[in-house]
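Next come two complexes built around chain A: one with chain B, the other with chain C.
For the complex of A and B:
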């Protein structure tokens, strides 16, 4: 056990010092330089103020609090409370509460330095950027809002779109040190209660010291955290979040994260862009089918190339064989090395492009794509045909609208290539079987992840690989087991008038 | 009766269609034509239908005999007592184990003959069996999932039947019905190996959500299988000469060989590879049934039994060598299966009906 460092370290890191009384609390806080603790004299009296200057908006302090206290002398905290026009003011003796509140941007106000009782006034400093255009899930048409790092703004963006009392927000605290706010959103009476409870239960059980982004939650509460497939859908679009809420899904938001999580998710959702709903269903369906095939193509094309050229050249018709031979004639490497070399190059380019600042990143893409590609073909290290195939495969993998899924797709082809090298076409099919079985075994909040393909549910197929018109999509997905299955009346939506009426 | 199966583990009735079809369509479909023509020659497609009707009857018996949450082991225990019933159950488990082994061995044989003559059975077997383990470990839901996809995805292979029609001689089929009933029956007996395996129904029955509704789907499943078999046999009969087809071991593969498309030739490589997706449900369902039986009979842990059985399958696959031995074994198992399905099960049905009547009248 020692080898893995699993020694009993229980409770060592968790026990932060707890002050017993207010003096200890102030002394403890004062060790940090950004803590202010001073006697403030206003016209008719003096008061003691204690707060973290890094958390408090001094404008509120001066304009809203101190200015209002100047008029006459206050003898008690209650009187003070009445004069302060701030919405969250509370009197307390509880030391722990004082500490927690001050760490959330409250000001502690007391009449005397050694008073046990104090007034906590809410004056938090909020620095966030403005609501901007979604960058990861960009859409040409449709709303141009994206979530921010501030959970309050995010909640506002969603609630603005769903002005109903049934929209429930359950707030939880996660992280021993970061104490991040996590909000679970659902529509009461629509979302399945069991799902909601599962989500809340799992979030409550999270035992971690810091939570800085919602992706931490995905990784921790997923049904199978070892799987390369993301099992919760993340989105930065408030419109998508509100749309899935009406479907009966659950949205999870974490403070400090501009991405909300959607649960339960299924595989086909990862290949549907929210823009599909802004387009006419015929066009949207066509794009979805293209995307679906591009994913299959992206995963399978290089392994098939390796398998064919290693074992089954008989598969290639004579005319095509000529082209391949001229292209591969000078290449000294076996197909597997050639493919791995090029695939890795593409991965390198992508990774370098993603890490570098945007402007340099673009240059890298061009330099890498054109120069390395042409040079390696001219040097005779790779064949033209493979270069085309791999570039296409990379391009196809970028059509996936969800970034996390795109990563998965690019990575799972490597095992495919190796197995294709070992067993040829049979290897490709067998790896494909492994992939299918893995997908079959995955669940998202206990609901099948491969749905509606398996278990086959025709009703849910209406909004998966193809998208039916809104008038045909009148039911909520079966996968979610919602409490109200009907979204709107199908009869009204599809009613047809007679000719010339 | 064992522990009742919770509703979340059960499957929708219509999935029974895919369970029945996927276990019936296997390696047999690549080679059955040359066997069925032996007696009935080109009237053999009628034999295929006759064999199919036989399956329909057994399915009907199954749904008549079994009640909800009941499998064949319950019935045998009730009728023959713990020990004799257990022995019959054990034989059935072994039978499914051998069926699973032979499915893999036949497939590997095809790979050896058509694709990789020097492939290592051991490594390929291990790779395949880990996959099988991965499926069964996921529970019956995943087994059904693979049966479903193993039926739906390979459907595209049916379109390849159009290509051989270019060289079809439809007069091969004429005259129709110029064989005796006896010949037709003998030929349909030959069909049984291909249709075997559907008796897993007697074991997975308690996993069906509404067995009454599933009844028609089971029949549709058999019907679909028959249509596929008849179509493939017809195409083979019009494509091959009668004398030729008797000497060809895998007529379906031979037909794939002539397919030429602008971007692909020698389609049999793709076909045989894709066939892995057909063999997989075949193997997993029979092996699942076998290990499930062991669990029901001896209360063994199914996860552990699967590992033991997979190792047995692997060893058997490595040890059985040569076309003669493989075909001998498959002939034996198909004979056992034939008697089990067409004699033992109707016998069981009759005895059980009488038993129930007697008990009721008391």
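For the complex of A and C:
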């Protein structure tokens, strides 16, 4: 049986061959065509340069390094080092270090081809796009900056917003092949130390060959990786990242990923958009309530339709009876097939829209929405009422500000529909119980995921389903168990001001 | 994960294995019965008629009528099922009608089938029909199905205070209650089917009815109601229509034992909706109030006399008396009731009389 692949016990370790000395190293590197290794003669002497031209900024090499070496002859590496005005220059004999550094955009400079010792000069080529407008978490008002693929820029964006020495950045390397930089950010003295240690420990323990995006980390370090619910919040907004840092949360960034992760997270945060904080609390609360309602609506409305039409015709109000029956009359399918057919259509449209280039995608949306919808009703495949219900449910699921959560909500609807068909309303209640129990059991970094709702924490309710004004939100969330619970003085925040003079 | 799998498997076994699944009844594959009517025929048989709306694609509704005779009501349904193209389902039943003659024989046995069925709501409306219920159900009600139409008619009239609130639940409650007797709306068929007074019951038997004109007063004796119109007749030039915005009933007990006197205080706050005589002054209002009080008092006395004569208690006075007296004895109350002195005291207050353009 080769169905599951051959079990090969030998050759299991995937560690790479390590060079023993510098000659081996250079020989190994030279097999790649983008590796440069040559003797360079400047006015008074010759030196040996080795570097990956795909990683090195040649402008730095020419303008900052070679130009400064022209003036007089250097007899030692130390002398060379002094005349090179680049910040990270180190002298080393360590072959492993040389290899690692060269792969990160350092130039190896030696006086002779067979010298053991060499200078490593930092001259990395950085090609990134400019800071742009957030596209996933777009907001009408508020800052319009989004994270980039470059971790240094991302760190810069956060640190600019939090110019305090307590902001700690712990850098780790993940991925045997990619050696990606992962940064863990927290505010020392605010974030719970246990949380920080948990995050660092879990990231250190990651054993993977490549790490391309921060979403890999979410999947690997989540408390329950099998759950459809994301347990770490991802954001592309530096303002959100810095705001949660002040709350005492921990932010994880990975090189090459424009999304930062926020931990620990709770369920309500996935339904709050960061724009809520830019709006007046009354309006923001109203929007949040609408969003919560739309989530419940989105999950339950199709199952309830299926259950009611299959089992509980008594529940249909008498005035709706006529509309429902006349629209169902011509449909030959039972409610379940009708519902599945339409739900799949919507999912197809979404998937097609997401995969296709933007311009074609728009056309697909129009074609799908108008043509398929009306046509399927006219062809008698689905009823008008269900078409409206499904469209509204899909629309409601798109109101979730976090993309990952939106996917989850659309997915968990399907088991609900099946169970509704099997057991009717009883089934809907049953599956809702399963859902709630699952949510109750979930944790994020060991902190309860369902938190302000259960275990009930009234203090955290102030910023969950509704948002209290800033003057009432003076404490850090209980969920985070912060070292310093007060954000600012409540007395000052709520003090009645005298008349302005 | 293992426990979750076990839990899912277990619930499937429990729910499917035990046959706990509910019967599948897809709404458009059913004949939804919206109204039933029962008429007396010879012997102990009953003629049952059911109305099933047939929803047309152009939004029009026609009513299909099935009718047959049998002894048991369920038997009747079963017989009718043989005629229908889709299984009859009574879960959306809105109206149950009984023919006057049948009601005279007693409704207790007949209502059993409706109380026993869990798919039936307890807010089904009941009514007594003068003549044949089949005629009421087969009538054309414009674009509406007869069950829906009658249900809307009852509901609207209860909201507007033409008749007091009645439904299957209240009917059975009053039926089994010692200190009250049931009453139901009475329908008569002329050009149109209309609510024509209130059918009074002695326990389960229909014994008499109040005419339509007395429903306002009857309503006010029962309790709170709103928006009904009372015509105050004072000749061609001074007559007025008064609608009530509020009505209150309070019962007062004077004396003790057999000499107890019941005083029913009714407070009505009303608005003059129509006046024949032109300008309304304070004096006019006073006069309208007085006439209305007098007329209502007259009606109330008539009603109470009739109730005491029939020895029935649709006003639930027995329950009221029970709730306020220690050492209460039902036997004693039953003896006392026909001869007890009940005085209606009507107090009408006109709150406003509108303006004229």
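Just so we're on the same page, the second predicted complex is superposed on the first by the 483 of 501 C-alpha atoms of A that agree within 3 Å, B and C clash if a C-alpha of one lies under 4 Å from a C-alpha of the other, contacts with A are read in each partner's own complex, and residues count from 1 in each chain.
The criterion applied here is as follows: a residue touches a chain if its C-beta (ideal position, glycine included) is under 8 Å from a C-beta of that chain, and two chains touch if they have at least 3 such contacts.
These numbers were taken from a predicted model, which means no experiment stands behind them.
In this overlay on chain A, chain B clashes with chain C.
Of the two partner chains placed by the overlay, only chain C lies in contact with A:329; chain B stays clear of it.
Once the two complexes are laid over each other on the shared chain, residue contacts for A:320 go to chain B alone; chain C is not touched. By the touch criterion stated above, A:177 is placed in contact with neither chain B nor chain C. When the two complexes are overlaid on their common chain A, residue A:348 makes contact with neither chain B nor chain C. When the shared chain is aligned, chain B comes close enough to touch A:455, but chain C does not.
Applying the stated contact rule after C-alpha superposition, one finds that A:309 touches chain C and leaves chain B untouched. Within the superposed three-chain model, A:440 lies in touch with chain B and out of touch with chain C [touch as defined at top].
In the overlay built on the shared chain, the residue A:428 is in contact with chain B alone; chain C does not reach it. With both structures placed on the common chain, the touch criterion links A:226 to chain C but leaves chain B unconnected. After the shared chain A is superposed, the part of chain B among 41-49, 95-103, 113-121 or 185-193 that runs into chain C is 113-121, by C-alpha clashes. Overlap of the chain B and chain C interfaces on chain A: residues 311-312, 314, 316, 422-424, 426, 430, 434.
Residues of chain B touching chain A in their complex: 11-12, 15, 111, 115-116, 119, 123-124, 127-128, 131, 134-135, 138, 141-142, 145-146, 148-149, 260-266, 269-270, 272-274, 276-277, 280. Of all the residues in chain A, the ones that touch chain C in their complex are 226, 308-314, 316, 318, 321-322, 324-326, 328-331, 334-335, 422-424, 426, 430, 434. Taken together, the chain A residues at the contact with chain B in this complex read 311-312, 314-317, 320, 419, 422-426, 428-430, 432-434, 436-438, 440-441, 448, 450, 453-456. On the side of chain C, the complex with chain A involves touching residues 1, 7, 11, 15-16, 20-28, 30, 32, 34, 53, 55-57, 59, 61, 89, 91-92, 94, 119, 121, 148, 151.
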